[in-house]
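In the part that follows, the structures are each spelled out as structure tokens.
Each of the next two complexes has chain A plus one more chain, namely chain B in the first and chain C in the second.
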Partner chain A sequence: MADLTKLTPGQRTLLQGNEAIARGALEAGVSLAAAYPGNPSSEILESLADSAASAGIYVEWSANEKVALEAAAGASFTGLRAMASMKQNGVNVCQDFICNLTISGTKGGIVLVTADDPGSISSTNEQDARFIAKLAELPLLEPSTPAECLAMMRFAFELSEQIGNLVVLRSISRLSHTRAGVTPGPLPASRPRPYWDPKVAWHTLPTVPRHRVMLEKLAQAGRIMSAAGFNAYRGPERPELLVIASASSALYAGEARDRLGVASRVGLLKLGCTWPLDEALLLKHLASTEQILFAEEVDPFIEDGVKALYAQHAPELGVKRFFGAATGHTPPVGELSPDVLASALGQILGREPATVDPAYLERVAERVAALVPPREFGFCPGCPHRASFWAMKQVLAVDGRDGLVSGDIGCYSLAMLPTGFKRANAVHCMGSGPGVAGGLGQLRGQGFTQPVITTVGDSTFFHAALPAIINARWNRSDFVLVVLDNSATAMTGFQPHPGTGQTATGREGTQLDPETVLKALGVPCQVVDPYDMQATQQALYDAVQASGGVRALILRRVCALVQNKRGGHPYTMSVDQDKCRGQDCGCHRFCSRVFRCPGLFFDEAAGKAMIDPVVCVGCGVCTQICPAGAIQAEPRKEAAA
Partner chain B sequence: MKALDQEPLDLIVTGVGGQGNVLASQVLGRALLAAGYQVTVGETYGLSQRGGPVMSMVRVTQEKVMGPVIPAHSAAALVSLEPLEALRVLGTYGHPGVVVLTNDRPLLPLNVIAGADRYPELAELKQALSENCAKLYWLPATETALTLGNPILANVIMLGALGATGLLPIGAGEMEAALGAMFPESKMGVNRRALAKGAELAAAA
Partner chain C sequence: MGAAAELPAAEACLDRLLSQVIAEGLCVACGACLGLCPHLIFLDGRVAAPDACGLSEGRCIDLCPLDPAPEPAARRQRLHQALGSSYLPPIGPVQQAWQGRAPAADLQGKAQYGGVVSELLSLALEEGLVGEAVVTVAGQRGAPQGARARNRQEVLAAAGSIYAGGGALGELNRALAEPTDHPLAVVGLPCQVLAAANMKAHPRYPAAAQRLGLVVGLFCTMNLPARALRGLLKEEGVQGPVLKSDFPPPPAGVFQVWTQAGLRELPIAKLRDIRFPGCAFCPDLTAELADLSVGACEGRPGLNTILVRTPAGAALIERARERGRLELEPAAAESMAHLKQAAENKRARAAQARTERQHG
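And now, the complex of A and B:
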């Protein structure tokens, strides 16, 4: 990311949606920003961290999302502007705080940015985090372009201060990761000095009267939002069909309308302020048409709200037809696109979207089906997780008691797939691995004999695993805790975490290592290098055979991609073509069929295993899996230690 | 600002995670924006560094703001850093008039490595592409990148090739300037050579 304070006001620049959100916050005078990394939100805080020194503000990666929002609230109580950004899952993590913060209210402008992931491009779910606005009576903004990300962030801080409450801005993957021309405005010349008058208290009592105040704040927000210019109508005065759309779907809807050539028949109401809904605006447009189509991702949030509004006013408005998720005109799952909306418009208006020669489509589809295999996700070449899950696979097979692995969130979630030998039996949310294992480990008295391993990454360990480990220790559950310590929050882009000791802005922090924490909790703990397959398998086997209580193994080896950036891996790999027994090897191409490293393949023509020098990074692990000893590792001359 | 032959000019850059697909689309975006166009670059990543297919969409107009997703079967050009991915994306975004530029160096999917699926013969793949596009540039980008010292340069070579097709309203100079804004001068020598090599490859294709 780059220092966003260096942009020239008034000069159009290519900015990612996430960078535009960060720039908007800087222009609004944000003084504290905190976040926990997670795609598609990570670049927001990364940009702010890279701008922190120039802007003179405080920016941190927090241990989790709840802590991040709480830190932002602290700053708000002193009168400063503050924000927390996260992916949709993070909103769940801080939901408890949100639902109480909204009662106490806030002082300095405070914004919660959630970057949702329709289509689950890089998530375990595609939950629609907009519902937090409804749940906690908070105003909700949904930008549709990077330029609007910037403008809405500026507005969000103002709005928050005007109503004295948190404001939610919801981005989505397609917007967070879209780059487009954005014209930055000026940065503030100064920021207020933080002060909290000790006579002032921020709390939730008395709750019920304060709930009434929350609703008044929301109504006030609605009035301010309706005048902000983020809701806009384009189309004829009395459209045959009205499309109500938000976020990227508003652009898709416009494009679908143009492509079908129905601009004179279809009106497009783009909503940027989606909670509370602008009732007067919606009633005016509902009165202008008989048919309404909703375009939003993922859940029918606006759709249900508008229908509820319509129900209140049906006697004046008369009969309307609504199309959307409820009628199957838009899918209730996954992303929308110009094509999905062209098809919905076409269906309603009785028009076929123009398409290319059907013979061409048929021919290409046939070639793709015949020639193009899927491309599975997998651990990177050299990934220590491949070696770690290899050990779990082997040890549980040798143990023979149908052992289970309770997985967690990170790159190692991919262990559900063949790349991790399908050795993750459960994967849900941050910290759920040891939580689920804790329950399993209490079933011994009821005849449950299967060994239980749980895996957590180093960042996940600090984020949410600790309460589950403490619970297991307290209640004397019985399982093996494997900390997959690759010294990075790798899945989301190698951000630092408590275990690395580095901080978001490069300032030195205090390094907390998992073994010290575990020892303090009384959990016996051993550190092993997963690249050393024999040592890892022995240590894991011993841990699985032991019983009674939680015992931990820290498999520590830096992420292979981080190692690539630090000067690379130590070896140049090759397969000794004389030693490789090829098809005649009793192992039936064990090295490529089972181990599945992208850098090691079986050359059908030669009938031998081969290293792909463009892909292989030279970690040397695969030398340990060939029964014939054919895989060779030569020290690389310029290798880093 | 040169008028566009078609509006929007829709370009796709695809490949496998880790090949520098996002960087390539960002260079295009910056170069076109600097030349005065409206650009929207939609990037798909996340799990993308973990060996899966990745795709960026670059949409260019004179004024109009476009969404980040190109409609099916309407890309003007398809640049692929891996030949199998070229055909995969052609299936969704191709049409008889599309121009395809692809690196000819396969990266084997894990399921192929495991023996569960087959990677097509390169001749078959090349034929399927050339029969279903207006022009195919089948280019040894990785091989050329290796002669420059690093296979990762295949992405810049492919950009150089795209610049030489005449499909863009900008030339190599604008792309070089965009690269220059993203890399230190110490890395620009090899990037300039990669752009030039790409242009040579396209001219010879």
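And now, the complex of A and C:
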């Protein structure tokens, strides 16, 4: 990412939503920023890390989101402005801390940025993290554009200091990753010196009185937010239909209204401050119309809030008709779009939205499908996880006791798909792999005989797996822990983690290795290179055959993409066309169909397997799976060690 | 249209093997299906196929001796006919019956009983009758696996019986796939000898018919899954690697195991509990489809019984006798009678097991 301190104040520039969030934080004078990577949030901290030296601030990738927010809170207690950013899942990780911090209160401005992922573009769930604001009674801001990202971040820090509590800003994938013109403001000339007056204590006791104070803070926030100018109405004075929208949905609603040509009939109330709701504003607009449509992603967060408000004032407001997730006019899952909202508007207003002829769409889809090669989620060429899950597949098949793999979060979550031979039987959240395995491993006494393997990546190992491993060790559960150590937080963009020893800003950190941690816990541990399929298979089989207690296997091989950056892999691969048995292999294209490395394909014309020299990275693993020995690896002269 | 779309819609061969043999618990780890394609894998005495192959005309199910589809007697009659011999229950065709031993000093204490199999293989290799012999050796974790012997030393390394499924025929398939033309020998249990006959008679396996020059059968009392045997020995407190094991002929009723700590005897009932379920359906005590079959000699622990079944078997025996490599005497009539009775008993037990299975 770019050093955002180099932007010229007042000069309009193109910024990604996440960059605008980071720039807003810098303009607000943030002194500490911490995060755990996760799409779509990662670029926020990456931008801040690349700006840290120029700005003179501290930025870190933390071991997990809870630690990140706690670090930010520490800075806040000293009077500094601080922030933690994360994807929606991360909010769950730090929820316990949030629900206590909101009672203890804060000093320096502190902002939690959650970047949600409607449509689950790169997530294991589609959770609407806005509910943390209701749960913990925190102010919530929802920007619609990168410019608003910047402005709202500046405002969020101010608001936090004014009320003495955490403020939540919610982005979404489309906003975090869109680029638009933003006019940066000035950066602060100085920041306060951190100091924590030892006479001041930050805690939650006495809880009930402090809870009352917390609610007063929220009410105060509501008053400040209503004057902030982030809520805006565009439309006729007495619209036939009022659309209440937030975030990108507000832009979609405007586009849908224009497309249908109903600007004179439809009013658009765009809310940027979505908790607490601006009751006066809403009551005014509810009084001006008979029909209301809600446009928001994912859950009916605003919809339910407005309906609750309406219920309190129904006698004065009279009968209204509400449309949204509850009536099926907007979907409660996935992303919204101008098309979806045009359809909803048309349905309510009795206007047929201008749509493309379905037959035409069908023809286009057919033509496009013919041009685009099938492309599924898959491990990269040379990915060590392919070799690791190959070993798990082979070993559990030959073991013959219906063994299970309790998966976890990372690139290797893809093992639930054909690329990983569908060898992950369960995948939920960070650290849940060994947790679930721990429970399974306690069922031996009740007749559960299936072997259990759990997989965690190296970053996940430090993020959330350790408590589950400790629990299993303590309670003597019975499973095989496989640490898929590719020396990177690969899924989210190769951010460093405790196992890599590097830090967010490039400063050298202390490298921790999983085997030392495991040995300290008394977990027997063996390190194997997954590229050595025979050795991996043998070690894994032995670990599966052993029983009683947790035993670990660290399958260590650097991420193929990281290796590419380090000078590449050692081999140039080829398929000996004379040796390749082609259709007569008796294996029905074993290499390209079953092993599924994208670097291998079957040449229909030649009737033989081939290496795609553009895609193949030269890891050499596939030489071990060809029954004819036709796949050959020639050492590359220029290869890195 | 891609070749994949041209695949016949018939049930895949591998699916049949998985559903009719492996999932049914019938597999005895002979290895006949191994080494033909990469789908079938073998580890620690177990055969598995984690992926679908999609081909309907693979040989794996055709070669399987446990394929329940052909009626056993009809299959054996067909194979004898294909090999030019006769189906003659209860112990198959026998041109000559001997009892004897190999006097060579280097075999003493290593080979089973009289060391006849090791000596015959060694002789066949030395005199170029075969280029390689596929045998069973103890591999990782003591589990048996196929190996190739090319000289006497390698034969001696494989000497002694391993009463656990070793998948050795996978090694035979791999040897037959190599671009060489030297004849091969294989030593196997009755199930493996039946599979070897399947290979030689298979219309799409010309290499087997051309190169499988010598099939030596072993009398088989019982074949055991490697993992279960290891578990039983652990349970019984038998420590360390097994140096030698034996089912001495009736009425011993025990399984003998030698380790560094000495001899341990386990009741044969405990072994029956863990044996391959598929063995219950085997009617063949003496490997009837071999060129010659070798086993224990009743009441004579230092000797083998040898049943010579084919001209190739007879020629090898004759050569061994001429070279002084074997000391032979005609098999005792009483011993042969007992052998036939034991074979009849096994045949009857198999028939009963098959009937019970068919009728649930």
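Basically, the second predicted complex is superposed on the first by the 626 of 641 C-alpha atoms of A that agree within 3 Å, B and C clash if a C-alpha of one lies under 4 Å from a C-alpha of the other, contacts with A are read in each partner's own complex, and residues count from 1 in each chain.
One rule holds for everything that comes next: contacts are C-beta pairs under 8 Å (C-beta built on N, C-alpha and C of every residue); 3 or more make two chains touch, one makes a residue touch a chain.
Since this is a predicted model, take the numbers as computed values, not measurements.
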{"item": "Chain B versus chain C as contact partner of A:Ser122, first or second or both or neither", "value": "first"}
{"item": "Partner chain(s) touched by A:Ile625 [first = chain B, second = chain C, both, neither]", "value": "second"}
{"item": "Contacts of A:Gln537 with chain B and chain C, given as first, second, both or neither", "value": "second"}
{"item": "Which superposed partner A:Asp612 touches (first chain B, second chain C, both, neither)", "value": "first"}
{"item": "Contacts of A:Thr572 with chain B and chain C, given as first, second, both or neither", "value": "neither"}
{"item": "Which of chain B and chain C A:Ser592 touches, first, second, both or neither", "value": "first"}
{"item": "Which superposed partner A:Val364 touches (first chain B, second chain C, both, neither)", "value": "first"}
{"item": "Touched partner set for A:Gly400, first chain B, second chain C, both or neither", "value": "second"}
{"item": "Which superposed partner A:Thr78 touches (first chain B, second chain C, both, neither)", "value": "neither"}
{"item": "Broader residue contact with chain A after superposition on the shared chain, chain B or chain C", "value": "B"}
{"item": "Common interface residues of chain A - those touching chain B in one complex and chain C in the other", "value": "589, 593-594"}
{"item": "For the chain A and chain C complex, residues of the former touching the latter", "value": "393-400, 421, 537-538, 541-542, 545, 583, 585-590, 593-594, 604, 607, 625-627"}
{"item": "Residue numbers on chain C that touch chain A, as the complex places them", "value": "2-4, 7, 36-39, 41-44, 46-51, 53-55, 58-59, 140-141, 227"}
{"item": "Parts of chain A lying in touch with chain B, wherever the complex brings them together", "value": "12-14, 39-40, 117, 121-123, 145, 147, 173-175, 177-181, 248, 251-252, 254-255, 259, 337-339, 342, 355-357, 360-361, 363-365, 367-368, 371-380, 411, 414, 418-419, 561, 589, 592-594, 596-598, 600-602, 612, 614-615"}
{"item": "Partner chain A, residues of chain B touching it in the complex", "value": "16, 18, 25-26, 29-30, 33, 38-47, 49-53, 65-73, 84-85, 87-88, 90-91, 94-96, 105, 107-115, 117-120, 124-125, 128, 131-132, 142, 146, 151"}
